[in-house]
Every structure is written in C-alpha cells, then in structure tokens.
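What follows is a set of structures to go through.
Here chain A shows up in two complexes: once beside chain B, once beside chain C.
Right, the complex of A and B next:
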C-alpha cells in the first residue's frame, strides 16, 4: 500500500472515530448485544442461541448503519468542508484518495465490529456459553460484509447525494440478504415460467448470505471454512467492481 | 520568458441544471506567469477567478483550452508535486494537530518523514504557531487556520505558490507576517500566483497583474505600466496667500479647505500645482507641502471595472475593492 493511501486511510480513520454518529451506532449495537439476554429469557429456544442470533444480527445492522451514516456521506463531507482541495492538489491521485478513504472506513468499521464482538464474547461467557470456531466464522463473515457495504456506500457517495447513497446502501443490504429467496423459488419450481428470470437475478444480484455464518453458531454443524473462503472471494469481487466504479466516478468529478 | 504557468484560451461552461441555461465562467482566458514573479489575478466576484484557480490546480477540467503548470498539465502528479496551494478559507482535518497535519500533507507531497520532522517545527515557527503545535486545528481561529494553510502549502518547498485570498481573516500583525513570508518566498526564487480582493496588498506584493471580468481578461500588465508613473493630482498646503491668488487656486482645485491663514487644495496633475506653488512663494506666501498623489491599484481597478460595466456598477465595485465583497 502506498504511503499516500496509508496517510489518507489514517486521517479517515481518525476523523471517523471522532464522529459522534459512530458513538451512537456503537452504543446501539452494544445495547442490542446486552438486550439479547432478555430475549433469551423470553424465548422457548436455547437462551445462548438467542444471545448469539440476536447479537450477531445486531452487529450486521451495525455494519449497515455505519456504512449508511458514516460511509455514504464520507466523500460529500470532504467536498463540503473543502478538505478535498488540500489533498487532491498534491501528488496523490484520485484513485489513491478513494482507496485511502475505503481502507480508513473499513478499519474503523472493523474496530467497531470487533468491539461489539468482544462485548458479545464476554456476554456469552457470562451466561455459561462458550466461544467456538462458529462465532469466529460468523465474525469473519460480518467483517467481510462490512467491506462490501463500505464499497457500496463509497460508490453511491461518489454518484449521488449522501441521503440517496444511504438509501441505496440500505437497498443493497436488503437485496443482498433476500437473493437467496430467488434460488429457493427456482428450486421449488412453483413458477416455472419465471424460473429463468429468477435464475438470472440470483446470479446478477449481490448475495450477502454467502458470508452470513450467523446460523453456524447455533446449528451445531462444523464450520464450512471452504464456503467462507468462497464467500470472501465473492465479496472481494463485488468490492473490486464497486471500488472501480467509485474511482471512475470520482475521477470525472469537478470541484 | 520562462513560463511557470501557461493558460491558453481557457473556456469553462457550467450547466447548473440538465436543461438549464449554460453559464460561461471562462471565455477564452489566456495568460502566462514567468518564473520568479509575483503575479496578481484580480477581478470582481463572479468574474471567474476561483474557476481559473481550480482549473490551474487540476480540481476542474476546462471545457476547452490548455493549461500548463511547471511544464506539464495539472493532471500530471509531477506538476502538482511542485505546487503549493492555499485555497480560500481553507479547511483541514479538524482532529489533527498542526504537526500531524503537516506530516499528513508532507507525506501526500512525497516528503520523507525525516524531512517533515525537520521542516515542520521551522514552518510553524515561521507562521507563529509554535505555541499551538499540540492543539487540534478544530480550536483554531480563522487567522490561525490561514497561517497554518500557508505552512501546509510550503511543507514540500514548492516552486510555485498559488494563494487564494491568503490575507483573508488575518489581523494586522498576521497580514504583515503573511506578506513578509510571501515576499521572502519570492526573494527565494519561488513563483507566486496571488488571488486577492485586498488591492493595496496586491499592489505591495505583485510585479504584474491581470484583471479578469465576466470570464475574460480585461487588462494585464506590470503595476508600473498600469498605474502610469505621473501623479494624478497634487495636494498643496500653503499659508499667507494673497486673496486673488487664493481665488485662482480655489477655482482650479477639486477640493479646497481654509483653516485660518492655511489653505489646503487638491489640484490636478500636470504643471498647474508646481506653478501655483511657485507663484505662492513669489507672492511672499509659504508653501508648507506639495504632495503628489498617484493612482492606487484600487482606484485603477474600480475605473477599469467601471469602464467594463458602465457607471451603475461603481458602488458595488468600490465595496469589493475595499475588501467587503460585492
């Protein structure tokens, strides 16, 4: 990584860490983790399973909210505050600027996820659960999801106003977690006329379930690390395409 | 002339709305800035100054025309590596201290960490921010940000300094400091491209100026050429003037004041004022002072813009020339 990308990443990381919105979102995620115990009491299922499910889902929302609230407005804020003027008139390229912003944002989002994950681990241990490889796999999946959500937020932030970029990131998240339903529709063969359409959509639309290993924490089955590796490659492909798009858009931008 | 900046037939057209009327911000702007000179780029608000600066620094691409910055287009990183740019009302990453921010900008400009460590304290001392070196920029006043911006523009020891309103928001001591730094940089051989509304400062700092108006170059030349060396008027202060001569002076003067036996009169340029002074002396009076009044850049600027716009715009231009914007 070039020193310029690293410098921009560090500045982005520090800037995002001091964002009050970030504190609010992290407090919300930690509250969800802690609240999961209450649901465990109310649930007829295994209490620790509820803690896992609810907390990890909450952490997935944490990634989404961070991408929507911090990532999607990141570029617009640089332009609005005109800090971009003092950066882009130096030797760095706009490509380096986008990559630096991406690395910095992913860094801060990962830090938040790891913090919430640590709270979850302590919480699970407190209530008699254990930390296994399934929880590690679920955490890695969430961190991969954060990567692609950050790339979406930056891409849409380079394309449109922050509010639209936030809504677009939310839509990407919803679609990403709903794509699996298309495969089920195809497999069930209920609408054979639309099977081809479902099949194409399933392949074209993002599928965040490829890195969703939350269920693995409670299913009792061993973690399929190969599937996680394939999911990581899948996410990195999407991320590369989105970042390339963000770079192309940002290089054409007039300030 | 070895040109450091060369703009040729620059056009920039904006279309604020998809099907709206196009706005022609630049309409065939051409100029060159020679190596080592301090070049003033002036114009009323909306004339196209900021657009030109953005095109020159690569923040914006022209609709047509060419720009060369230190022999290369602004998109070329090698050109930007020798450019020190201070934007108008600069903003920086608020959470950084000046030392951290100088390190950040130094890294972005390809300065080695050891050079940054050596230059940063010296630059902060030069802009009188040593005492604030560990404070976050967020708590800086406008003047402190401006001075820090100048330090950030100098961290990589650029060949060309492009300064957009560098004296804005500064107190008198800060203005004096920044002007001294600009003059020192020019003395050190750097080329300075200065955009400012404060025309008295431009007159003090710049060798040559260009006035841009409605996206076109209205006038250009050296300060000496543009202002013409001859006095535009004289102020004559004299005492003991005979009444008949006093009446003649009153008739010729654009301004006449009498306090006791002392008369103050503003007389037109040319030979009349020295002639009156000689006649006062010959008549037994005392010439206390004969002060030539030369045209300032400010009054010249207002005159040029007035001739471009017509008299209706004079008040607005006067306000702008005084630094108050328009």
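Right, the complex of A and C next:
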C-alpha cells in the first residue's frame, strides 16, 4: 500500500512542479522577500525586522495561494484528464489516491517554502541580520500550516468545484488566523452574549495561530518549543479529520 | 503606400493618435492634479482603525500589519495639518494601534515620543507613550525572565523626557536609577547619573555607579568603567580643590592638606585621595587617567578602522584618522567615526596601524 501511495505522491509532485501557477506563486513569494528590504529602507530603523515580517507573511500567503491554486484543483484536474481512471482501475484504491495526492502536494509546498526560506535566510544575512531559533520556529510553523491547508484544499476539492474549493480554503485561512484575536476581543467583556457563544465556537473553529510563530520572530522573545510541539499535534488532529473527510467524499463520488 | 504599410502591420493611424494623445493628456494633467491632491490631503480626515478591530483583521499577521501601518504613517508625520487637534488625535491613534498590534515595537515608542515632544510639542503625550512602552517591556521581562534592551532604552528616554520637558528631577532620578542598575545600560546614561550624584554631593553614590563594571567580563567594558571611575575621582578632587581655594584663599600645599580640609564623605575620601596628585603647575591630577584616555582613543580608532574596512574593503592609512572633510556630506564617506588631533597623542609619539587593523601608539 505504501508503495502505491509513494508512486502517486511522486507523480503528483512531478506534475505540480510543472504547473505554471506554482512558478508564479513562488516568484511572488521570492519577490516579496526581496522587496521587504525596500520597506526596511522606508522605515526609521528596524530594517531587518521589516525583512523578517514581510517575508514570513509573504511565505504564509505562499502556502495559502499554493493550496488555493494548486491543491484545490488537484483532484478535479485528475478527473478532467481522466488520469484518475488509470490509477483507480489498476491496483490503487481511492484512499491511496487521496493520501498519495496529499503527500505529493505537501512535498511540493514544503519545497517551495524551503526555497523561499533559503532566499529569506540569505537575504537576512546579507543585510546584517542573523538566523535565530525564532526564525526557525516560524518556518516550522509555516510548514505545519501548509500541511493543514493542503488537507483543507483536498477535502474541499473532493466536495466541490475547484473555484469553490479555493474560496473555501481562503475562508479557512481567514477563520484560522482570526479565531485567537476574536477570543481576545470577546474576553474584554464588551459583548457578554456573543462571548458565551464564542467560548464554544472557539474550541470548534480551526486555529492556525497555534502554529503561527511569525510575530515572535522580531520581538526577541524566547521560543516556546512546547507550544510549537502542541501546535504540531493540533495540526495532526485537523489534518486527520480533513483527510478522512476527503477520503469518504472521494469514495462516494461517481465518475 | 504608407496607409497600406500601417494596415499591414495592424497599426492604423487613428488609434495610434488616440493612444499618443491620451498619454500626453495624462502627463499634462498630472502636475495640477498632484497639487490638488496635496491640498486635499492637507485637510482630509485621517482614519486610524480601532486597535481591537485591527487585531482581528490582521489575521494573525500582527507584526507585519503594525509595520505596514507604521510605514504608511511615517510620511504623514512630516505633512502639514491645518487642524492640529486632528493631528494630535491621529498621531495618538497611530501609536495606539501600532503598539497594540506589536507591543515590543521599540521604534514606535522611541521615535513616536521623540516626534511628539520635539516636533509636535506634546510632552505629556510623549511621556505617556514612553510610560506605556516601559510598562510593556516590564511585563514582557517578568513573563519571559530575560532583559530586553528596548526596555532599558525606553527607560532612559523616559528619564530624559522628564528631565528636558518637565524639569522633574525626582522622576528623572527614579527612572535613571532603574536604568543604570540594568546590565545593558550605556556609559553615557551612567555618566549622566554620576553627574547628577556629584551635583548633589553624593560622592559615594557617584563612585559606586562609576565603578559598576570594573569587574565586567568584557575587557572593553572594564576599561571604560575604569576610565569613568578615574574621571569621577578627578571631578571630586577638583571640586574639593576649588572649595578649598574659595575658603582658604590659597591652594592646598599637598593632597593630605586637601583631604584634611575637604567636606567629603570619609568613604569617598578613602577611594579618591590615594589616587590624586598635584602636578608641577599645581593642578589636581589622577595619573592613571591619561593612560586610560589614550587607550580609549585607540579603541575608538580601531572601531573607526573597522568601519573603513567594512565600507571600503581596506584598512585606513594613519592620516585618515586625522582627516575630516569640511563638507559634511563628504564627511560621511570619509572619516565620520573617530577623528583625532595630533595633540591628542602624547608628545614624541605617533600612530601605527598593522595589517589586522590593530592601532598602536609608538615612540617617534
């Protein structure tokens, strides 16, 4: 089974690498990393801080756009090109197909993130900054975020048309990054009724802030590796749910 | 023929003329429209979002959004406002939202308070912003158990703001005492605290602050602390000498007489007077000071040489240390770091710099 998943993953990886959208998105991310220095020049001080902040945010958008543009349409494209029939009529099962697609897409997204991260590291070193553990933690957080976004894109791709899956992935990203701030807002007690409802919603809604360590990169605060580890487990939980959902939906699908 | 040629290339004259006229029209209109835009911006309403809402709308990228709002606000700082009350509200709104999104954004507190106090003449707002920054860093330090340099620098800025704009000596001392007790306090600030202690005739406190880093693990910091300590001893001795002359109408015959006739704390006297002498011209001197000053000069020159190497790829020639361009803009490209005069060196000596950038003072 693992051999068949690996074969599908490799095929997905190679196919995604040939996608022009991927090149476009990666160029955007690298351009954002390089352009961040210009923003640093506009600032009073904090040149390296600007490079860190805007580059890491750019890389977070890179994950999002990859999931929206490449991940969400991945299943539909296989159906459209009829390559899915070739795989499924041979020895592969639908579960293996989804898992293989997931592994392949995560591999490509990680490769893009690592490439952009390498450019960022060189860029930071060029301008007199240093690569600290906070930057490493932020990168790991972004890679974990890419996992869950890929799972969301596949789940929604199995459920609906690519355009709707893209929009849904985008909505998941916004909700995931807004959950924590909304909790802070409701904690202030300005609206007790909503606070009571939200205290329940808070536990149910996805929370990508659990793996967002970008804000800590420039503040100089120590990295809470335990929190990052717990965040990784949290990502694992959501990914398991979403992949299981994608598999169930894909099994029921009539071609 | 020409029409046929244009048609064959797909470029008929009319659309080309429309494109050309459009471009020329846009270019000609840009200047008056730009002036109109500037005039409109001068009086327009500047919106800064509520910090709570901004936090939610940052979608996790708080630090980046704080940077973006900060960068957007910077050009407006220097723009004229007809309504100064509006500008004040806008400025406070910007500082609120930026520091709320990123509480450890040191520059927003520091630059913001400098702008508010020096340019906008709002000392109270500046002090309030600095106090908020100091409190934030205090909380961060309590939470993380580590020292943040931003906290020290803001504490110093706050002390200076009380000193310059409020003439509040008690508040200045309160914040300076906390700042100088921190391990990352700079020597300039410590020097100010020493100066205030000497002014209050609290010589023992001045000596204690000066001597704080004489056993520091960094040799440069040790040297600097020793230099400050010897300087403080000299200042105390000079004050005692001046008071002796005013009281007795003559200079003391010896250091022992100076000590006996000085109104000074005994503990401070035990530290100061053993290291004091009178030179041939009857001036009070601390002999160790000259050597320490020279070593500090050499350290400064090596630092300047390092920057020369960074900027130009080579170590400077010795003449560069004595060179200062009259034109300030050229000076930045030349030696803006450390310039000395030949008289700064002991008589009969000159400078040498080796291939590793090490500067030495050698006999002629």
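Definition applied: the second predicted complex is superposed on the first by the 252 of 255 C-alpha atoms of A that agree within 3 Å, B and C clash if a C-alpha of one lies under 4 Å from a C-alpha of the other, contacts with A are read in each partner's own complex, and residues count from 1 in each chain.
Operating definition for what follows: a contact is a pair of C-beta atoms (placed from the backbone, for glycine too) under 8 Å apart; a residue touches a chain by one contact, two chains touch by 3 or more.
Predicted, not measured: the structure shown is a model, and the values here were computed from it.
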Joint occupancy of chain A by chain B and chain C, clash or fit: fit
Touched partner set for A:87, first chain B, second chain C, both or neither: first
Touched partner set for A:212, first chain B, second chain C, both or neither: second
Partner chain(s) touched by A:254 [first = chain B, second = chain C, both, neither]: first
Contacts of A:138 with chain B and chain C, given as first, second, both or neither: neither
When both partners are placed on the shared chain, which of chain B and chain C touches more of chain A: C
Which of chain B and chain C A:11 touches, first, second, both or neither: first
Chain B versus chain C as contact partner of A:235, first or second or both or neither: neither
Chain B versus chain C as contact partner of A:22, first or second or both or neither: neither
Which superposed partner A:3 touches (first chain B, second chain C, both, neither): first
Overlay on shared chain A, then closest C-alpha pair between chain B and chain C (Å): 34
Chain A positions touched by chain B in one structure and by chain C in the second: none
Touch list for chain A against partner chain C, complex: 39, 42-46, 49-50, 53-54, 56-57, 60, 173-174, 176-178, 180-182, 184-185, 188, 208-209, 212, 214-215, 217-222
Chain A residues within the chain B interface of the complex: 3-4, 7-8, 10-11, 14-15, 18, 81-83, 85-93, 254-255
Interfacial residue positions of chain B with respect to chain A in the complex: 54, 57-61, 77-78, 80-81, 83, 85, 87, 89-96, 104-105, 107-110, 149, 152, 156
Contacting residues of chain C [partner chain A, same complex]: 52, 55-56, 58-64, 67, 70-71, 74, 102, 104, 107, 111, 140, 144, 146, 148, 150
